[in-house]
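Here subunit A shows up in two complexes: once beside subunit B, once beside subunit C.
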Partner chain A sequence: MNNIALLTAFPFIIGTLLFLIPKRARGLIETVSGVTALVACLGSVRLFLVRPIESTFAYGISFVIDGLSGLALLGVTFFTLIIILYSIGFMRDHVYHRSFYVYVLWTLAASIGALAANHMIVLALFWGFLGLTLYLLIHIGGGSGAAAAAKKTFIIIGGSDAFLLFGMAIVWQAAGSWDLLGVKLPITSGLTFWAFIFFVLAAFAKAGAMPLHTWIPDCAASAPIAVTAYLPAALDKLLGIYLLARCCLDVFILNEAAHLVLLITGAVTIIAAVMMALMQHDMKKLLSYHAVSQVGYMVLGIGTGNPVGIAGGLFHMLNHAIYKCTLFLSAGSVEKKTGTTDLDHLGGLIQIIPATFVCALISSLSISGIPPFNGFVSKWMVYQGIVEMGQRGGRLWVLWLMAAMFGSALTLASFIKLLHAAYCARTTEYAEAPQREHCAMVLAMGVLAALCIVFGIFAKQLPLRFLINPILGGSDIYLGIWEPSQAGLYIGTGLLLGMFLYGALSLKKGFFRTDRTYIGGERLPESSFISGTDFYNTIKEIGVIQKIYRGAEKKYFDLYEQAKRTFSYMTELLRQMHTGVLPTYLSWVVFGLILLLWILGKNTW
Partner chain B sequence: MIKGIFYFLIFPGFLFTAAMGCLSGWFDRKLTARIHWRVGPPWYQNFVDFLKLLGKEIIVPADSMRGLFLFAPVTAVIGATLLSVVLWQPNLRTDSGFLGDLIVAIYLSMIPALALIIGGMASRNPLASLGASREMKLMLAYELPFIVSIATVIIKNGYTIRLYEMVQHQAAHGAIIGSPSGFIAFIVALLCMQAKLGLVPFDIAEAETEIMGGPLVEYSGAPLGFFRLSKLMMLFAMPVFLITVFWGGIAPGALGAAVGLGKLLVILLVAVLIKNTNPRLRIDQALRFFWGPVTVLAVISILLTLAGL
Partner chain C sequence: MSIIPLFVAIPLASAFLIPMFSKRIRVFSDIFANVTTFILCVMSLGVIGRNAVYTVGLWKPPVGIAMALDGWSVLLLVTVNSISFCATVFSIKYMEQYTSKLRYYSLFLLMVAGMNGVVLSGDLFNLYVFLEIASIASYALVGFGCQHDELEASFKYLVLGSVASTFILLGVAVGYSLTGTLNMADISARLPHDSSTFIFMASCFILGFGLKAALVPFHAWLPDAHPSAPAPISAMLSGVLIKAIGVYALIRLIFNIFGLTPVLSHILLFFGTASMVIGVFLAIGQWDMKRLFAYHSISQIGYVMLGFGLATPLGILGAIFHLMNHAVFKGLLFLTAGSVEYNIHTRQLEEMGGLRERMPVTGFTSLVASMSIAGIPPLNGFWSKLIIIIACVQSGHYIFGLWAAFVSLMTLASFLKVQKFAFFGELKEHNKGVREVPVGMCLSMMILALLCVGMGLLLVPSVRAQLLDPAVASLLRGTEYAAWILSKG
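Coming up: the complex of A and B.
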């Protein structure tokens, strides 16, 4: 039996069979899903190790696992496992408990199929099915918000799928084959350029690059956090960037214009989305804008077109999935504990859920690109790729570098705000006796946070060597790059010395004293505290920036909203003709009949 | 590995940077005192200040996050030390460094400020929160023109982001500061350095007279000493950074070291003079200043560079 087909069919069948288990047997549902994800994970490791594998079915339909799809496959199965682990604690009491696991397993199956498919139509089939499961998963959030968000997502993703099919048809016509691999179509004519754009649109919609990103914040606001952490944060990035990389590396040979499209999209996405994130008051929305912003780095990396940039973009895809998943999961823990993710009302959680705070801190530093965490390594590689572009001529690289590096500083700023408002701000609202955090949820976050450190410090030895390098033919592009392990050693030494010093000092009795906080010698009422949500109002109030924010608040830059407005304007015109007065309709009919007769008669006589 | 630890702890890492930082700090204090028509402290003042702080009681605020509160200052010192190690490799010609160490250096130079922010947040004092938010905004303010001025350096040094090659390139073609565009970029970087070091007029985050030291308000004893030490270390490391990328680096040998010291003193002199002749800005003024005129200046330097000047 064929391994790839088995791996695709297995989660789908088990997922469907879950419907046979009674809803109340929650433990059994969780166990079955967990074991399925674990098996899929092990299976994907096996496939990754023995790659490249190709298996052909009837009508020349083939499935291939190579370095690129193998990497994405590992990520997909791993994150499914982590999310199922987390959901044991998070989704236990949810109304749609069973449906959630069914849809997760279906998503897993469809993702594996989409990644392995070498035939374009098969890819499109799985891709479409993924849009459906995404719709269903957002829908279980319940309420009108979730329904609207699910509809918006389905329209954006589904619409981009249509473009994808169109692009595929053009490629098929030009290359004469439905295969993805080995096409290498040079972008010479206008038609192939449009085919490229159509492919890229589908990838952008999935990954959430601008201007097709608008479904992500809506989805984050109304879907359960486990779903947001699973799809927009982890899986959709892996899939979208997989498609983008596949299309840039294997399907097309990019020309200058194609590179420029990617670079501009990447740079704009980074800055615009992070500026939006800076001003959010809801933790989930803030994180979702970062899920958009980080896509910019991946697109920028792939857009550079040189090996180190592409490797950086792909590595960033993996890293992003790790830390953004952690961040969403930590937001989930906050919501579970307090019932809200509104930063204006949160605070003081540092005492209540310390383990979650540590995981959130580590992943915040990672996403902000602080050495020695993993986000730094991949961002560094993207910067390197950008500077290499400059070496080969071209003036615009300064802009891309500015966007990437300054975007990183803005990211840090918005996470300082998040950490402060949710965890450090003084508030008495949630100061009840500390309860234990759910161990499955802490375990899931802990594994990911540990990965942030390991992939950062041993970047060269582990992920780059085993996961990223093989995709680009194992070339020695990393010669002489930063050795984060050395810096890790230094930092470890420094922290140890600090620990020793404090230890030695604490030997002296009464050297550490605990006292209440000092605010000019006054005792402030407990109700007066600084939340942190308006840390950056100073920025918001600067002339031009203020105007842009106002526009964004009115959704002027939301493509979906704009399209909706245009359509409703057009239907409004039609609606005005529908007066409900019968003689008016009758005169329209007569008028139409006369017109018709006149046209027909003109040709006959 | 032993060699690496030696680099990190003794030379050019912790001990060397700390000692030079204390001396740079003394230069600052002495010069400021002379401008004020005072006598000023003896040369060892910063050393004894640090040692005295180590011997003082450590007060931890009641509902802070203890571990983070105590280790944030340690991280600040580690960050400054790492920055120094990365910067001195090309200057000492001991090691050709690695590709892209320029970017690593930029990011390492952010760590002391970041540690201050996180330490302030962990102390959970409202004044510290205010200070932390100001520090973060200040970081955003100077980071933009700083990156642009660094882009000038990258172009002028023949598109390299390796510090060692930058020093070599300048040795062969003359220091970047010598060209009009390079000089403008240097001025921009100098202003950014002033803000990075938290010197007046950009000491907005600490502002003793407004928010009582901001993030430092709860700190005492050894942790306070570490933060103060990290500031002094940065007072030495940041000028070295500017010298390395803009001003030809520091040549080996006694003569080279003397010239290097001269360059360091010139940069410090400018910084201290700015510090003593300007009142503190408000944070929104600082934001407008850096995103407005300073960024425009940096963009002009880029345009001049691309025009070949």
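Coming up: the complex of A and C.
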């Protein structure tokens, strides 16, 4: 029996069979889905260990698991398991409880299929179906907000898929084969360049790089958080960057222009999205803009075209999935406890949900690129990749490096705002009495947060050695002078020392003094507090930037909205021609006849 | 005894028998009509893979009248008769809203007889006669509700349809004057391709059949006529009528009688692309559900024409397959629109919303059909659009391929609009009491939805050799068609 096909079909069949279980048997549905995801996870580990595997079906359709697809496959099955674990606590009382699990399992199946496919049409088949499951999953949020977000998402993703088909057809014509692997098409003509662009656009739409990113904030705002954490935060990044890497490493041989497209997109995405994130007042939207911004690093890394950069980009893809998933899940816990994710109304959660806070803290530090967490290592590798690219000449690399490093600083800034506003700042009482955190939810977040630390400190020994380096030929990737384990040891020691000192000194009463907030001698009323949401208003008020923000608020930079405006104008134009008056229509017929006679008469038969 | 004439004779006979026998027992008309369409459906499945020529009254062509069955007609027969079976099943409950079901079934079966006749006819004048039978029945069916809008739409349809028929008749007359024969095969053998009279004849035919097929700029009647008809009729009109009496006849003439030339191929490409693009732009702005669907028929016929215009085996395969698929999902879409209208008595999208909760079967089948027309895998529309796009690239028509991809995006956008406003979102207060439509209607929609899901399998090589490949082959052999008919006859 064919293992890969089995692994694809299994979650799909089980998912469909879930419809047979009565809706009330919530526990049973959860168990069945959990076991399915676990089996898929173990299966993918097994496939990963025995890779490379190639199995051919009828009609020359083959499935391949190599280093790249194996890595993404591990990620996909692992995150499905985590999300199902988390959903035991989070989705329990939801109206569309059963549908949620069905769609999650379908997503799992389609993702496995898309990753393993070596035939381009088979890839397109699973890839397109993923758009549909995402569309259905967003609808689970309910209401008109979710309906609008789902529509927008699917138009962007499904639309880019249509062009992907066109790009695939061009590759097929040029290469004479439908296989993804071993094509190595040099980008020499305008046609192949466009084929490359269509591949890249499909990857960008899925991963959420600019200019096709605009569905992510909308989706985050109205889909259930479990869905946001599952797809836009984790799976879509894995899949999108997988396609990007596949297309850059195996399908095309990039030229300068193609590299430049990737580098510009990466740099712009990092900066623009993080600037948007700085100004958000809603936790989910803030996180979603970071989910866009971080894609920039991956695109930048792959765009450098050298092994360190590409390895950095891929490692960042994995790391991002881990910490962004944790961040969204922690936002989910906050929402579950307080009923809101609006930072203006949150605060002081550190006492109510301490475990969630720890996970959120670790992943925030990780996304901001603070050593020794995993986000730092992969960003470091991307920087290294850019510097190495710069050694071959040209000046633009300084720009890319600046964008990457500055973006990282801004990320830290916005997470300080988030952590302060949600967890630290004092606030009015919450309506509901604090309850204990759900253990399944904490477990899911805890596993991910632990991974952030492990992948950071033991980056060289574990993830790079087993997961990333084999993709690029197996040799050790140069990391510069940074030694993660050593640094981790020093940082850990420092922290421990600090904690010890703090503990020791706080035994002495009155050593640490607490006082009221000083605001120029005025007495702050008890009811007011500093939420932290306005930390960066100063930036917002700088002349040029202010104009850009206003434009962004009016959605001038949203490709979807702009296209919608243009097309509805054209529709209106055409509608005005259709007056419903019969003589007009008859005159069109006459016009058509004249046209036909002219064409047929002019040309020789 | 050949089975071929029965495709015309059975529905024709039933059309007259139903009003005679079922005046007393009303349920009789339902049974009679459904049994008829079911038999036709089974018969059409039975002739898959067969090639035959039937000579009426044993007079040999070119003197006698010939009915020819080849791959291309078999494909249309299967499409027409299976959709009409689903439509009659749907009609049982749906048509209770109207008076006089008897006349409805009569007209319906007349239309089916006309379409089967067009598809099987090997004689140009007979083709015209059958086309008129189908058209006139459809004029009456469009105005069946007898409300103001319906009658107006029917009148417009009648006027423009008659213009088309006149041009077709003119074409037949000119052809007769050129060749002295009406048998399609014989005309083909004798046509002088370089005369200006021939060019005039070709123009007449392209205009006439183009108007029946609702190609831009001859499309203006369709968005009025198709939404006004009762839902099963809309499904028949958009699903099969424009194909049987428009696309089928036009393609048969161009490929097998005139012989495809680069000029004709370019005409198909340009008219096809224009229909595809203009149709989809018009559709996306609509708020009347059925009108939106109707504009998409124009757009999807554009895809079919584009595929034929490429004139490569792959392009023709895509076009033929898309034609079948369109019949299924557009038929289904109109039936779901009918279900919604049956329950909440409106076609305006703004007044719907959240209906999926109250009408799960309609919601699900409508989602399937919408995804299918938008080309989302693994549904049938995906495969045919894929083939058309690949065929565009393969034959070097990149710009047309890009248009096809773009229209696919726009189609997705407009069907997501339908889904968003009709089936997802908040349930409106006045729709809280809505219930799912009766079983028969659900059954009919489920059959079509299953077809949408499963029809991709028709592309599996061993299956394809039964239905799709013979159709492609019968078009690709070009004017040899004539020799085949004359030798068989």
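Here, the second predicted complex is superposed on the first by the 533 of 605 C-alpha atoms of A that agree within 3 Å, B and C clash if a C-alpha of one lies under 4 Å from a C-alpha of the other, contacts with A are read in each partner's own complex, and residues count from 1 in each chain.
Definition applied: contacts are C-beta pairs under 8 Å (C-beta built on N, C-alpha and C of every residue); 3 or more make two chains touch, one makes a residue touch a chain.
What you see is a predicted model; the values in this text were computed from it and never measured.
Visitor: Using the superposition on chain A described above, determine whether A:548 touches subunit B (first), subunit C (second), both, or neither.
Guide: After superposing on A, A:548 lies clear of both subunit B and subunit C.
Visitor: With the two complexes superposed on chain A, say which partner A:450 touches: subunit B (first), subunit C (second), both, or neither.
Guide: Neither partner.
Visitor: A:586 contacts which: subunit B (first), subunit C (second), both, neither?
Guide: second
Visitor: Give one of first, second, both or neither to describe whether A:384 is in contact with subunit B, with subunit C, with both, or with none.
Guide: first
Visitor: What is the contact status of A:158 with respect to subunit B (first) and subunit C (second): first, second, both, or neither?
Guide: A:158 contacts subunit C only, not subunit B.
Visitor: For A:599 in the superposed arrangement: first (subunit B), second (subunit C), both or neither?
Guide: second
Visitor: Over in the complex, which subunit A residues touch subunit C? Could you list them?
Guide: It comes out as residues 59, 121, 124-129, 131-132, 135, 139, 143-144, 146-148, 150-151, 154-155, 158-159, 162-163, 165-166, 169-170, 172-173, 191, 567-568, 570-572, 574-575, 578, 580, 582, 584-586, 588-589, 591-593, 595-597, 599-601, 603-605.
Visitor: Which of the residues in subunit A come into contact with subunit B in the complex?
Guide: Going through subunit A, the ones touching subunit B are 348, 350-351, 354, 357, 361, 369-371, 376, 380, 383-384, 387-388, 390-391, 395, 398, 401-402, 405-406, 409-410, 412-413, 416-417, 419-420, 424-426, 479-483, 486-487, 489-491, 493-495, 498, 501-502, 505, 510-520, 524, 528-530, 532, 535-536, 538-539, 541-542.
Visitor: List the residues on subunit C that touch subunit A in their complex, please.
Guide: 156, 159-160, 163, 167, 193-194, 196, 198-200, 202-203, 206-207, 210-211, 217-218, 220-221, 223-224, 261-263, 266-267, 278, 281-282, 284-285, 353, 371, 374-378, 382, 385-386, 389-390, 392-394, 398, 401-402, 404-406, 408-410, 412-413, 416-417, 419-420, 424-426, 461
Visitor: Give every residue of subunit B touching subunit A within the complex, in rising order.
Guide: Going through subunit B, the ones touching subunit A are 1, 4-5, 8-9, 13-14, 54, 57-65, 68, 70-71, 74-75, 77-78, 81-82, 85, 98-101, 103-104, 106-108, 110-111, 114, 117-118, 121-127, 129-130, 132-133, 136-137, 139-140, 143-144, 147-148, 151, 154-155, 159, 161, 212, 217-218, 221-222, 226, 283-284, 287-288, 291, 302, 306.
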